[in-house]
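To keep things simple, chains are lettered A, B, C, D and E as they appear, and every chain counts its residues starting from 1.
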Amino acid sequence: MAAISTGVYFRTYQRELALRHTKAQYVRLALVVVAAIAAPYLLDPYQLSILNTVLIAVVGAVGLNILVGFTGQISLGQGGFLAVGAFTSGLLTMRADLPAPLSIACAVVVTAAAGALFGLPALRLKGLYLAIATLASQEIIVFIARRWSFLREESGAPLSIERLKVGGYEITREYFEFQWYWILLGCAVVAVLAARNLFRTGLGRSFMAVRDQDIAAAAIGVNVTRTKVVAFAVSSGFVGLAGALTAHYSETVTWESFTFEISILYLAMIIVGGLGSVAGAVYGAFFITLLPVFLNEFIGGLGEDVPWLVSRLPAIENAVFGLVIIAFLLIEPRGLDRIWQRMKDYVRFWPFRY
Amino acid sequence: MNQFLNLTIYGLSEGAILALAALGFVLIYKSTSVINFAQGEFLLIGGYTVYAAFVVFKLPLVLAVVVGLVFAVVMGLLIERFVLRPLVGESAISVIMVTIGLAAFLRAVVQMIFGTRPVSQPALLPRTPVEVLGTTIPLNRILVIAIAGVVLTAFTLFFRRSRHGIAMRAVADDQQAALTMGISVRKIFAMAWALAAVSALVAGVLLGDITSVSGNLVSFGLLVFPVVILGGLDSVPGTIVGGLVIGLTAQYVSGYWDPGLAQIVPYLVLIAILMVRPYGIFGETRIERV
Amino acid sequence: MPEGEPLLEVSDVSLRFGGIRALSDISFTVRQGDVHSVIGPNGAGKSSLLNCISGLYRPQEGRITLHTAGPDGSRREHQLVRARPHQIARLGVARSFQNIELFGHLTVLENLMLGRHIHMKHRLLPALVWFGPARKQEIAHREFVEEVVDLLQLQAYRHSPVGALAYGIQKRVELGRALCIEPGLLLIDEPMAGMNAEEKEDMARYVLDVNELRGVTVMLIEHDMGVVMDISDRVSVLDFGKLIGDGTPDEVRRNEDVVAAYLGADA
Amino acid sequence: MAIPEGKIVALLGSNGAGKSTMLKAVSGLLPSERGEISDGSIMFDGKDITRMDAAERVRTGLSLCMEGRHVFEHLSVHENLVAGAYSRGGASTEDFDRVYTYFPKLGDMRARVAGYLSGGEQQMLAIGRALMARPKLLMLDEPSLGLAPLLVQEIFGYIRALNEETGLTVLVVEQNARRALEVAHHGYILEQGRIVLEGTAAELNENPDVKEFYLGLGDEGRKNYRQVKHYKRRKRWL
Amino acid sequence: PGGGGDDAADEDGPIKVGIIADLTGATGDVGTPYAAGEEAYVKWLNENGGIDGREIDATVTDYAYDVPTAERVYKEYVNDGVVAVMGWGTGDSEALKSRVSADELPFMSASYAEPLTDPEEAPYNFVVAPTYSDQARVGLNWIAEDGKSSEVALFHNDSPFGLAPVADAQEWAADLDLNVEPYAMPAGSTNYTGLLSQAKKQGAKYIMIQNVSSPAALVAKDIKAQGLDMQIVCLNWCADELFIDTAGAEAAEGHVLVQPFAPVSAEQPGHDEVNAYLEENGSSLEEEGLHFAQGWYTMHAMAEGIRAAVEEGDLSGAGIKEALETMGAIDTGGVVGAGEIEFSADSHRGSTGTGIYQVEGGEMAPVELGATP
């Protein structure tokens, strides 16, 4: 292990550009792979269902981070774009009888287009002004989803979607979560890899250039206008995928699942995870999805015998949720990703701290 | 005509309260560049503190309002000291997130103490119907406009006339440079948060009185965004114009057109205005010089 | 293009900000292969002039013409006044900024690779896949970037985020980023501000190397007269937005207007 | 290191040597960058100010003009000056006039927004703003950065004049060593966070290393930049 | 791994039931007492011998009126092996509808949307009270009889819950020669002057409200403040004491409340049990309000179904469904509808009778009890 602490050398650029360099990195990767494979066999269906929601959130959070973290365009419209993806895929499957994978692919494209369209204000607006314009797109999309009866069943009930079929392979009731797990894991892995790849290339770098200094970016030949629109589209594509997966996984689509709170939760994921880091989006998706579940588990069990307390537990849970987020950012404003880096550094240089 | 007048007065009274709520938001943004997502919760807390002092502890109204103001100042200071100050110098978006956490926390605390039912509070302002140019309007709506007007004017004058106004803007531009001028960044921050809490308290109490003191008070918080963006994020007069524009359009749309649409009309107005003026009506253009 | 041919022609350019006249009726020519300096008192309009050339400001009047050689050696003319900044960069006009405008969160390498932006293809799908064209392209351009790293002696900083680097190093990275564009015309705005004599020597050396070895035409704004007079082939002098002198360093040094407005007695 | 009252002291050193950090330590800005003074103390006017906060230090008479201008971009020139006098509770017209006579250019631009000034104009504003606090000790971090030669000359003239007329103590960090040593009484040289050399201005002017690395003078007088053919001959006192 | 829980727990362990409640969300004001009622009933039942000696183990989880959270909580219950689920909102009940039937778990929510009563569509959903549509019909009948005007404005919450009765109400109105115009009430509005002025233009003298109490109270206040000649007809969720409290007795005076669950003031025999329990615990039904009793008796209906299933020896979701459909009427001491709840294999509409009250001196004075459309 001595070699690690003295530094890492590369003989070819190719090696240097690889995602992983050290033995430790490969070991960690192997552990993650083992855990991912073992999980569905170890967890009960409920736990697995939570993991499944986390995986969907991973896709969405990675997408949002492309826009907010990497391109520096704050978006409060995540919920709206999830809705676009979900409704598109749902409608294509149920009304146009497209096979699910195809309608999911279409949803990605349609959401990307919607993202580019609603991203147009970004060409004129900056910072918070843009953020609030995206909030406007959120409200408008949800309003349409709420008012347009075409997006509901005839009875007025939310659109329901048939159980997922891919070719001859069909999800069964008994193994519902288990089968979905593999599908969602696949999607999440692809999303994560694609995002990481993107930021190893010139295209991804131009996003970051626009974030850090858009005038200088223009002066070195980056078409800022185009880059912003592309960033909105790419990011929304990921979000559309997440939306479409939500639709098929929960087998029903209603605007009530895509409110402003969802936008905020996703924003929380990438901030708590770490802005401008693909891994951060993943950590954040886990953290923000699991936090209420754990709080419910732990706090929900407290104070059974104190009636005053019992009736207030849900509020206490919410309060703790808020506190944890605050505490987190006070301890490390740059998020979980940063904490993880610091832990690694600490171990690497141990016992020579500093 | 009757109807128009009626809608106008309702719109104005609501716009005035919105302006107050937005004012606090702008003060914080102006001096600390923090987007306060907990502004709606400040209203909520304002409404409930005065309720608690007035109804639960049975203090005379004037005293209850004073208690509320003191409480607001203290809350503002505490939040600044323990939540925001450690984050000075961190990226704006981390700070935004903290205020989101703060919002969840404050809302939950109010629920913990007061539950989820609206509480009943006797009318603070008289609701007597009055006849104005042939339409009947409750007196409290008119009083709300007057009170909000007085408070807004006071705030505007304070920032126009005093060097603190310039100090606040200086801090927002460059904290380090402000320090080298002997401007205590902490004190400015503390002042901004305390004043924001105070203006939110006034807004919360007025709103609670014309509607009811309940968890719904926070929903006003979201509307603050179109208001401040419309007026310009860093402009005190902007909040007034923004508040009135949003208040009135929402009212007219719901009166003459589709009430459901009134919910998104503020956003449509907002986008339309931003396309013409990307920094709102009175907002400062961000300086980008190389 | 042959040495000495006009590369950039600025004719009758005027720029106003509201009531402020930043530039009035400026005309001069930059020739291929020269180091052409622009000097003048503070607020004279030097940076504004560079901003006009690189498309960041749009002058109300006048023309700025850039000549380039086409693939077959033919001359082409480009009007820069209506062009957008990124289009101008694509014509081979690169620049650095007075107040250092690097991509602060990115590493030195990433900043330099961004300098290669206009030479790369940016297609989404290959980027998402990485293996294949995207990777090949990255490696190819990385080789060019390494040359610049060597030239500017940035080896030690490759993976450091530039925001945290010392001022002088940042200036060098900024120059490097501009070089990565493989410019025909390099615009540099006060590259030596805030450096001590030794560091200025280095910087002067880099500029001369770029100019002599790579044949890059350089337009330089600088307040250190020692540097300007030593390394320039031509000097233009601005004052209050007007051109008050234009010629070889020696001619300019002898120009009385220039001495009075700018140089002062002892320079 | 010590700065005697009523004198001008120059602090020299290459990029990244820690000069600015030093000034920030003295004016109490380090906490705002998440830094801290790990050892040692700072005395001013007979008082220990090591633990004092930045704003208070300004009130006791320490004023820093930061490197890189740091004007308040969205304030007008005039408002910038008003902010400069904040610690004194307000400024008299006399103060404004003084700044405007030193920098007539600023006088013409009173109402303009500082963010749109040229680099040099901002630099003037920053210096003028620091003067508004009427400090006892004025610290200037690279005041000549980006200023035209004529103006540099003038600024150092003012510094000298201020020092002589009002007894203002000045600590100036400069890259333009020649100018700095012309006006300074005393100089320090900082490398990699350490003081490696100190002396009176005259002594430093004669030191061969200072001559070569800071004044750009070779053995046979001033070198021509065109003649320099090698990069870095690494130094030096470490 | 596998979907669904194993339904019948061991023979004499506790019987698990899951409760999805809104305690902190948009409808927490009425959701809290409702959930408290359900929980209290379970406690009371367990203290009184449970079902055939077995206790009911009910878990309450807050979902804050958020559909995705409801889905998560539901899955948790399925995994825990509950035999029945008590829900809350219309949005989530409809979203969970097909899952519930796939998992074969009887589901009783506080949503009385008409589509949930159709066993073809929603075989495992049971609606204990007259549907929102029925309530609207009863209200319209009353309006037709009152006859001050044929124009009715229907103010509804802008969500699936609010929309639920709109189409049915319009259809019914047509038969009565009434005209119903729907108006969405935007969430979080602070006045309804705009809607009222539209209603005025329509010529409506009646404002039917399908929403919760606070916004309804606001409408009442606005009517009073502007001296409008309009009468509110509140349906279920705003037809309660909270409406009167929040609006103030004066503003509430004279408005009509269509409420299938008997308010405390109606003093039904069914209230005694509830009151006795509450008084033992230092409270009273007066304090808790009618939604507490509503929760109590909804839980009671489910418990009776479970009891019947246990007696039949098939304590599974399907068994409970079967029992509910065949067991006959469930007595509620006059609290729900016309006093009894009864399901059948081709209708899950538990009752049709509803009370009509009018606010008099801050009290709900009965106008007609057990009214049916």
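Quick note on the criterion: a residue touches a chain if its C-beta (ideal position, glycine included) is under 8 Å from a C-beta of that chain, and two chains touch if they have at least 3 such contacts.
This is a predicted model, so every value here is computed, not measured.
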Touch-network distance, chain D to chain E, counted in steps = 2
If we define chain centres by averaging CA atoms, which chain lands farthest from chain C? Would you check?
-> E
What chain is the most remote from chain A, judged by the mean position of CA atoms in each chain?
-> D
If you average the CA atoms of chain A and of chain C, how far apart do the two points sit, in angstrom?
-> 41
Interchain centroid distance [CA atoms averaged], chain B/chain C, Å | 48
Taking each chain's centre as the mean position of its Cα atoms, how many Å separate chain B from chain E?
-> 36
Overlap residues in chain A, where contacts from two or more other chains coincide = 215-216, 219, 315, 317-318
When you check chain D against every other chain, which residues touch at least two of them?
-> 116
Provide the list of chain C residues touching at least two other chains, using ranges where the numbers run on.
-> 47, 56, 97-99, 101
What residues of chain D sit close enough to touch chain C in their complex?
-> 12, 14-16, 67-68, 105, 112, 116-121, 123-124, 142, 145-153, 175, 177, 212-216, 222-226, 228-232
Under the touch definition given earlier, write down the residues of chain D that touch chain B in their complex.
-> 27-29, 32-34, 53-59, 63-66, 70-75, 79-80, 82-84, 86-88, 90, 113, 115-116, 129-130, 133
Residue set of chain A touching chain B in the complex reads 68, 74, 121, 124-129, 132-133, 135-136, 139-140, 143, 147, 215-216, 219, 260, 264, 267-268, 271-272, 275, 312, 315-319, 321-326, 329-330, 333-334
Note which residues of chain B are touching chain A in the complex, please.
-> 35, 37, 83, 86-87, 90-91, 93-94, 96-98, 100-109, 111-112, 222, 225-226, 229, 233, 260-261, 263-264, 267-268, 270-271, 274-275, 278-280, 283, 286, 288, 290
Listed in rising order, chain B residues that touch chain D in their complex are 88-89, 163, 166-167, 169-170, 172-187, 284, 287, 289
